[in-house]
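I've put the structures underneath this note.
Look for subunit A in each of the two complexes below; its partner is subunit B in the first and subunit C in the second.
Take a look at the complex of A and B:
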């Protein structure tokens, strides 16, 4: 009897203790679902308050995130959500918050400045956004104020449309795209250069549409050993502008992770092209492009959507040349905010520090995507 | 102090025919409605079965992951589905196999419970198994055919294990061995973990009972235990040899994929609802009784300890126990099955509790308990409706399969985006091969194993890992002959557009867009080292299925007439009031 009571008590106490341990200090896989919060999420410090906010955003608990804000009366929950995910469909709309960092900037007894860096996982790769939050003491806890970017207001206006457009007449209904039975547009590689980087071999180059019709293009490269054996084959994937209007040039970059240039005897380049319908719209201007020197070498500038339609996703490809005009590097950035007509949007393309000093000029191209349309 | 079974009107066991009838009444209509098709994994099992239907002796399946070996998953229930599909079709054959498993569970729970409690409590435990939340959850919401098929076979084998160790009857040794081998052929994990949760308590019980009735020496007990452990080990090693070879050569080392059953159910109560409240249901109310009675009665302590460990591990990330005991396997396993095993271990206690409540409160107890049982079963059955595996129930994959099967489209590989768990259904219907799939332990493509994503079709729900895997596979489209991406979720469109894919066709009123990559070469078979040699295919086709046939045959071997004075399965009262413990 006594043994039984002891055993029952021991098992029940052990169960409760184990549950408490698992809740107060969750294991990593449990943390993945619950965020870093424990049973009693504390906002007893400015950093903890911002960290809790990051957890709620990462878990998609918008209402709880909104409720934790000190300045929530200044905007609605919808505005808060749209400020994070965008007012118009864009890369951030379906992104998930992969991780976040909190860094204190300044603190006093009753208020603090914290920097919240959000690392989003989008379908086109990682995207980062940074907000500086003012955090204030409210009674015995701290609450962050969200620095809301107000929805951009586009004034009513008339935008003339006079862009060029190329249509393709197909032989018959049901024919697959790209099987028109006509000669492929003439394209050629006008520059190509392999570069050894720490991550592997990178092939940089430029491709010209030499024809009078638009072309869908891609470039495939095969590294061959000194004996002619194929080592690896990769293609330009999204490091190229795939639709080229007549006489347009696109940069391309092909990655060979873990490859070493010393083991490569030759490189076989295979440009591919096919006829596609295309248009010059939407026209996106690049304004105020500026090469920023090291440290933090980069190309910055602004995109201006000159058309009357919203561009959901824009891709900026920068080609960097040395003094002799040879390609030194190709970088890119996806703009994770929709481009509204006549509304400037900043971009920034990083340039590797070791190559930055060789860069003396650049050329930038922009491709765009609208939901419901084609590239 | 040992007490004999109480006999009396209210202590009579419920007839097995009545319990089986209850199982038929509750589950047959649900299965005829094909409710499990809404679950997470049912289509996965049907997909495996469809492969066995056409390639019984070749476990290499080219329809997923550009080729993978089905010898990485025990085949028995799927093989039975394949066999029965010749009569009923694949869907209904699945339901038939699942139904057989439910009926077998009733018998298995009764036989297992009889080791611990009297016939009335055991019969009530068997009846409770019909309404068990975890069983309905696994059948109708999770679709875990392997687990729900293996557990009843295993439970049916355990009394033979007891009989062999306790009395040394050779027939029982043979029957236990064959049933355990068949259970392993259905689901290896059930046997592996069952050895700890179920078999060890049974062995401990045999040890506790060794002085009762015909005495058995400790050395004989040990010798018999070792003998059957070795015999079963050899049998399982042989029956599943291609599986072990695959596991040894290609251990599961891929980046772990998050699963909600590993969450902390208190910090993430939505998962606590799915993985604790729904599977346990009203059984939660019995937990204090289980701990109390299991501790007070020495004979029940092994069962209590088996339950307790399974219960703690079944709590997933709510406690650190699973992580500590299982190590890296914790990141690979899912934990709803541990809760399932815990509830099976709890059933003998539940039988005792109900027997006592009915004896004391009669009609009131029957009404209350019936309501609780119905609520538990009802919640678990309906969970697939309230919390569907696929929120988008409007997807019909027939037109997609028809498109892939026409005009030579199946010369190339495909991947779907936004199809949820319908990819297995699509794979059954199409001749084309995909680079995606739902059997994570069988995939070998480095783009998938190194990124921590689950199915490509649901990439965005796996965050960075899932999207990195999708991006990596699209980058190597030419290598895999991947030409088609069938998209039902436009949030993936930017990736495809910027990566050079173009929309070429629409299906289902433009809700599905087919994207194509120009210049992709036709798919060629991968010359993977994982392809099992022919002799393994022959073994795979003969021995797992053969083990179940053998099990059916040996069960027909009659038991020797037991001595009249055979021992009852006594329950120590521990000084409590007589009549409260026995049933």
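Take a look at the complex of A and C:
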């Protein structure tokens, strides 16, 4: 009993002593994470300077990152932060910098060109952005110049909004059995094709809202063996535009990892649709969509928000066809910047290298998401 | 399950006369109309307990043997077969009788499908009716049901169908004119109405024009109608596509005020096309 009391007293005294030591004389790394001391190595090389900048961005030390820039007099710290995270709510707003890469492009004795690739972790998965930085020697160290992406400012204006909107009134709890409900929107699959890929079977297709009301849609596919036994069931998840206006077409892609097409006898497709309140706006135009050949085959273009409404997140879905008009691939990209009215925003959808040579045309659709609103 | 049992008993009974059946000390009616008053005569002397048990209903009465037991209106209202047991000092006696639906249709369950469909489709509107009496018993006796589908123009399609085992159904064409159709089913004094929304079909003869509007080109469709001349409703998406070499610009534009319209940056020599769903419209080669 006496020994136990002594041990407890010793532990309490030791804890108090350690707290006092840690407070009076903290270790350098603790000081750094508390924002007190810069633990980063000196910017003695162009690469180290850009690496330090990347570290400060990933730690959210905006003031230090801004202070390290050689061209900070050209813009404010707020402009620098908004350049990285966006002024309006978007995918980057709540993203964290997962990692970054620095690659030298060119160097002389007094300046250098470095490529900084930032890997962001967003709520919808990874997002990558690349900036080419000019780095200059300033005395005994190097300082990067931040290539601020100066976006055209939308002039203050009043845009009249006259958009269409659908609301749904469902049967009430007092309605009796047999009382008429509201029909689910009529949708149909207008194209479907299974493809064998290295990672498994992929089902590509297109779905049309054949009705006069908007629909929330998804597609489920079941692979069946040659004896009719169900092998696997998957759905389109986010590789589809879920809200379809009347007569709108969306591509869909369904992944069956590790499945082999040779063991599949048939595929059962189940399109799902339900009534959903929706708005006909915003209209997003896709300008100058261009197929870029291999290597790095891709579809590039620009999105133009034709409405007065800010689009927080845009999802671009590209359908790629061969010469006979058959779907050969479906790719997508989430735009991590808000789409401002009448302001072009570039997009880039990668196309698998082995399929790129078969692609001869494309069709692109955009679905938009507004924070605090409906799809 | 209850319906199946009722079908079986109902088929056997049909419109059988409500006669009486003698079973020892019990004289039972062969059938009783749902909700109607009825009586059970007993024989003998002394006290006994009378039980009547059927689908969802049980009645218990203390009776003096030798007297007739009267049951007031509304005692038994669920159609089906009932078992009667008389428990006295002697061996219990039992018998059976049926409760059949009351006369006169009081309620219709009317299923009209679909609630919304394009104009001009053959046999696309289905109406199915189940007839019930005042106590919600399915009336299995053949009953004429008249269906009437009237469009916004007032023209009506009419048909009378006799129920089989309590149900009657029919099919109608959707008319050529969009609007809300009234779909009415009548049987006896009962009538039920549903609304069928007839909507325009696919666009027909989709055409657009293009004209320069500053740095951009204004693309605008003519008023969009289906093949029956109904205006296609606002909100349907029209896709404009401009192709120039390997570049392509597209926009999905909802119809507003009967037309679709957008300004797009289009290069000279570009081929512009318009489509809605799977319907293609005209093409324009844009030249200065």
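Keep in mind that, in the parts below, the second predicted complex is superposed on the first by the 313 of 375 C-alpha atoms of A that agree within 3 Å, B and C clash if a C-alpha of one lies under 4 Å from a C-alpha of the other, contacts with A are read in each partner's own complex, and residues count from 1 in each chain.
Basically, a contact is a pair of C-beta atoms (placed from the backbone, for glycine too) under 8 Å apart; a residue touches a chain by one contact, two chains touch by 3 or more.
No experiment lies behind these values; they were computed from the predicted model shown.
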| item | value |
| --- | --- |
| Partner chain in contact with A:107 - subunit B first, subunit C second, else both or neither | neither |
| First (subunit B), second (subunit C), both or neither touched by A:235 | first |
| Contacts of A:22 with subunit B and subunit C, given as first, second, both or neither | first |
| Subunit B versus subunit C as contact partner of A:369, first or second or both or neither | first |
| Of subunit B and subunit C, the chain that contacts the larger number of subunit A residues | B |
| Contacts of A:289 with subunit B and subunit C, given as first, second, both or neither | second |
| Which of subunit B and subunit C A:195 touches, first, second, both or neither | neither |
| Subunit B versus subunit C as contact partner of A:81, first or second or both or neither | neither |
| Shared subunit A surface residues [contacts with subunit B and with subunit C] | 176-178 |
| Touching residues (chain side subunit C, partner subunit A) in the complex | 109-117, 130, 194-195, 199-200, 202, 233-238, 246-254, 256, 262, 264-265, 276-278 |
| List of subunit A residues in touch with subunit C within their complex | 162, 164, 166, 176-178, 180-183, 190, 208-214, 245-249, 280-281, 283-291, 301, 306, 362-365 |
| Subunit B-touching residues of subunit A, taken from the complex the two chains share | 1, 4-5, 7-8, 11-12, 15, 18-19, 21-23, 26-27, 29-30, 32-34, 37-39, 91, 93-94, 96, 98, 121-126, 176-178, 216, 218, 220, 233-238, 240, 242, 272, 274, 276, 312-313, 315, 334, 367, 369, 371-372, 374-375 |
| Residues of subunit B that touch subunit A when the two form their complex | 256, 258, 260, 262-264, 266-268, 271, 291-292, 294-298, 301, 304, 308, 311-312, 315-321, 323, 330-331, 459-460, 463-464, 467, 470-471, 474-475, 478-479, 490-495, 497-500, 502-505, 516, 518-519, 574-575 |
